[in-house]
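What follows is a pair of complexes built around chain A, which joins chain B in one and chain C in the other.
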Partner chain A sequence: MTIFWLSVGFGLVTASVLALASVGLSLQFGVTNYVNFAYGAFLTLGAYFAWTVLTGGHLPLGLAIVIGALGVGVVGVLCDRIVFRSFTRSGFPLFYLLIVSFGVSLILGNVVQGVWGPSPQFFAVVSQFPLHIGPFLLTPAQLVIIGVAIVSMVGVHLLLTRTRLGKAMRAMSDNPALAQVSGIDINRVTTWAWFISGSLAGLAGIALAISTASFEPGFGENFLFTIFAAVIVGGIGQPYGAMLGAFLIGMVTEVSAAFIDPSYSTDLAFVVLIVMLLLRPQGLIPARGKA
Partner chain B sequence: MSALQAEGLTTGYGSVPVVSNVSMEARSGEVVVLVGPNGAGKSTFLKGLFGLLRHTTGRVVVDGRDVSGWPPHRIARCGMAYVPQVSNIFPTMSVVENLEIGGFASGGDVRQRIDEVLAIFPDLARSPRAKAGSLSGGQQNILGMARSLMLSPKVVLLDEPTAGLAPRYVGTVWEQVGRLSTAGTAVMVVEQNVELAMRHSDRVYVLVAGRVRLHGTPEEIRRHDLTALFLGGGATPSAEVGEQSMRSV
Partner chain C sequence: MAAIVFYLATVVNYFFIYNILAWGLNIQFGYAGILDFTYITFMAVGAYVAGVTSLGPQQPGTGVVYILGWHLPFPIPILLGGLAAAVLGLIVGLLAINRLRSDYLAIVTLSVGIILYSLVGNLTGLFDGFDGLVGVPEPLNGQVHLGVNTYSIFYMAVSGAVMLLLWFFAQRLRASPLGRTMRAIREDVDVAEAFGKNTFRIRLSAMVIGCFYAGVGGALLIGFVGAFSPDGWSTQETFIIWAILLIGGRGNNWGSVVGSFLVIALLSEATRYLPTIPNNAFLEPALRNIVIGAGLIVVLRFRPQGILPERKAHFPEIRTAAAQAGDPGRD
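What follows is the complex of A and B.
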């Protein structure tokens, strides 16, 4: 029983990291309608940015996290402006963007290798005493991750339902041509979507690095397929679906690790995905706008 | 005065023009109807007017401003509104949110305007929180039209607003078209039903194979054999003569 609750606690942490990542991926997909395979590399960059600010700049961790996350937001905007936008503007089929983003992922991965080297790094916050919270046993860092994820999800909800930008993003996701003729500057909205998506990726990367003790080049890329699983389970392009999918995949992978070999947890994420696709191919929250 | 003026517009998808050298005008308070066989390029022309398709030649002037080559969102801010033939709502957003997006360019508080627009369409006012995608086809078309009125446009383009609608909605649509023109708005409507088009319009343009074959008042148009024009692409001498005589009107 203790093991079970322990793993539920880990599940909450993994779900939190996944939620940050999946919602970011989903927001950008909803607005641009193509999948960004460089998203895993965005996570990696977030961890390295924050780590560099923390160790090199001797700034407080909280500030390092914010700078790291926003830094990846800027990277997202640059990738869009320099690479992706030139393909969408010249009317390439959106399928090509998949391949292009894969190329961007390789380039960013190599940049990370070149700048920070291949050896693993870690955040100094990791060795902290766990606290008993109800039946859970969580470190303060893990609690912060869960808290940051909850605050971010509420933030995304408020963005999408209360702000002009968020509503414009939903309108674009539903019907880009109609959004344009309604007076929405879709270039501007796209830029914001990349910034927010990148920032969430950065935040997720930092959270992932903190929760897994150490990180090395490519660690975000390795996590990408779990993110895809959560996004697809939730209903692609649907931020609320992504939250649900993240919770489901996070819980299943961690709780199962208490009973079966943890090295199978990624495989299990895909078992969930396949079962889900068979039972409910439209995802937990279907994207009616794209049907 | 002229709310919308298109001069020699040539546009299409990719490099092949669908619409060639088309000129049309809609004056304030006027209902202009665009008829023509399926695939003539009526929808394509409207998309070209609104900057959704690049036009290779020609000029579009909205409310006195040359908007040729402008992106659609800037054209919308000039006072032109458009309800596409299909996909004319934001399906996952509520009725009220659809209207908010319609008023997006105003930049300010649009709640009062939403109430005004809902008052015009009591059918929508009954379920303001409903997801637009869950509405009936007729209600969706009405919502599309309501959305387009949010910014009190100078000119409204309606692409087959009555296609597939139940009779009571067809009445509502034409009633609104009439109201808009009375209020001084220029309305350009694509209509499949030629008889209906004639009855509700001030002027008619006949588009066949991407070209204007005929234009004039409904009375003038009635003198021509539209069926032959639609089928034969306007190759009959009478149509050619008719076109010239109309032009000089």
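What follows is the complex of A and C.
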């Protein structure tokens, strides 16, 4: 039973990382209506940015995380401005954008490989002593990850419900043409969507790097599939669905590790994804017109 | 001199094999519009199955663990590799085709690739896990007994013959009613359905035939290289086949030939003229992939149909709006 509760604790950490990542992916998908296959590379970049600021600039960890996350937000905006928007403006069909984002992923992943080299790196905080909190056993860093995820989710919720920008994003997600004729500056909203999506990806990448102890080029790309599973289980293009899906997939992958070989935990996420696609392909919280 | 011949023979062998791989993806995507983001998985399965059926029974003490070990003679392992990939393609197709939009299909195929990668890596008894297969016998070399250099020239004939066979089939398929229906589905599923076509079954058959090509290509590759490990499964490899198809021009098989020629030339020659940067051995392969990625994006942006675009079918008696609305490539 102890092992079960321990794994629930780890599940919360994984769910937090996943929630950050999948909400970011979902937000951008909702506004632009195409899947960004370079999103995994965004996670990798976030971890490397923060690590470089931390080890090279000798800044406090909190500041390094903020700089890392915002840096990826800028990368997201640049990718959109330089690459994706020239395709969307000319009305290229959907599959072009999928292939192009695939190409952007290849470029970003190899930039990481070329700049930082292939050897694994780690954040110094991973060697902290774990604390007993109720039935859970978590390190302070893991608690911070859970806290950051909760704060970010509340922030996204407030953004979507209380601000003009968030409402404009939801409007574009529902019907871009209608949003445009209603006077919404869709270029500006799209830029913001990329910035927020990139920042959340950067944050998720740093959290993932801290929670998995070490990171190397391509670690974010490998995590992308788990993000997809969470996003699809929740309902693609729906930030709230993404939160739910992240919780579900995070729990399934970690709690299962208490009973089966942990190296198969990703495969279990895939089983959940397949069952979901067969039974309820629109996701737990379906978005109209997206599936 | 011998080194140049060996180098050229290697490049030509790769060129032949990549042609086969690109035609398979062309049947899936260029003909039927299926976004298969894990094409390399089917190639890998073909390579592994061809490997374990041409290897003898596993030897205790070598540390290399695998199943089967049937020690079958030349063309059979290649055929089995293709069939194994086709069966896997059938399973993935049944699961994924016809479910929602094409980006879902892309996500599911990508996921299948990652899962199989982790399964093969973790189930060490299946294909030796992450270490992969080594020492796969060279096809027919038990009969001809050639040295390394001469064998790679001989192998050009083997892969060339298989390539011509598959070229013939791909071209026949393209012109056949089945191939025309595939392209109709690519252009507009609803219209094809309205004409009473079973679009699911036809797309499934495109998926399976394409996977067979991938498997045969993989089998030829492992026969030439003699080894294969999960490192060669990565998404980047899939991307190279996609780059070949899209840069060359999808929908027609000549485009793939142009594409694989260009991409292989780029892969093997592009970084030769770059100044060497000391103390960073990782930069060169990284730069090569960056060039491929950027090249593909630029080609897609400015020449969306590829270098050799597919020729549109002309129907002189009905030159109406349908013929003019010549924007191909809907999702």
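Please note the rule applied: the second predicted complex is superposed on the first by the 288 of 291 C-alpha atoms of A that agree within 3 Å, B and C clash if a C-alpha of one lies under 4 Å from a C-alpha of the other, contacts with A are read in each partner's own complex, and residues count from 1 in each chain.
In this text, a residue touches a chain if its C-beta (ideal position, glycine included) is under 8 Å from a C-beta of that chain, and two chains touch if they have at least 3 such contacts.
Quick caveat: nothing in here was measured; it's all calculated off a predicted structure.
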{"item": "Comparing the two partners chain B and chain C, which touches a greater set of residues in chain A", "value": "C"}
{"item": "Partner chain(s) touched by A:164 [first = chain B, second = chain C, both, neither]", "value": "first"}
{"item": "First (chain B), second (chain C), both or neither touched by A:174", "value": "first"}
{"item": "Which of chain B and chain C A:273 touches, first, second, both or neither", "value": "second"}
{"item": "First (chain B), second (chain C), both or neither touched by A:184", "value": "first"}
{"item": "Chain B versus chain C as contact partner of A:117, first or second or both or neither", "value": "second"}
{"item": "Partner chain in contact with A:258 - chain B first, chain C second, else both or neither", "value": "neither"}
{"item": "First (chain B), second (chain C), both or neither touched by A:86", "value": "second"}
{"item": "Interface residues, chain B side, partner chain A - complex", "value": "50, 52, 71-73, 75-77, 81-82, 84, 87-93, 97, 100-102, 104-105, 131, 133, 147, 151"}
{"item": "Residues of chain C touching chain A in the complex", "value": "33, 35, 37, 95-96, 99-104, 106-108, 110-112, 114-115, 118-119, 122, 235-236, 239, 242-243, 246, 280, 282-283, 285-287, 289-290, 292-294, 296-297, 300-301, 304, 329-331"}
{"item": "Complex contact set, residues of chain A against chain C", "value": "34-35, 37, 83, 86-87, 92-96, 98-100, 102-107, 109-111, 113-114, 117-118, 221-222, 225, 228-229, 232, 236, 261, 263-264, 266-267, 270, 273-274, 277-278, 281, 291"}
{"item": "Chain A - residues contacting chain B, complex", "value": "164, 167-168, 170-171, 173-175, 177-187, 287-289"}
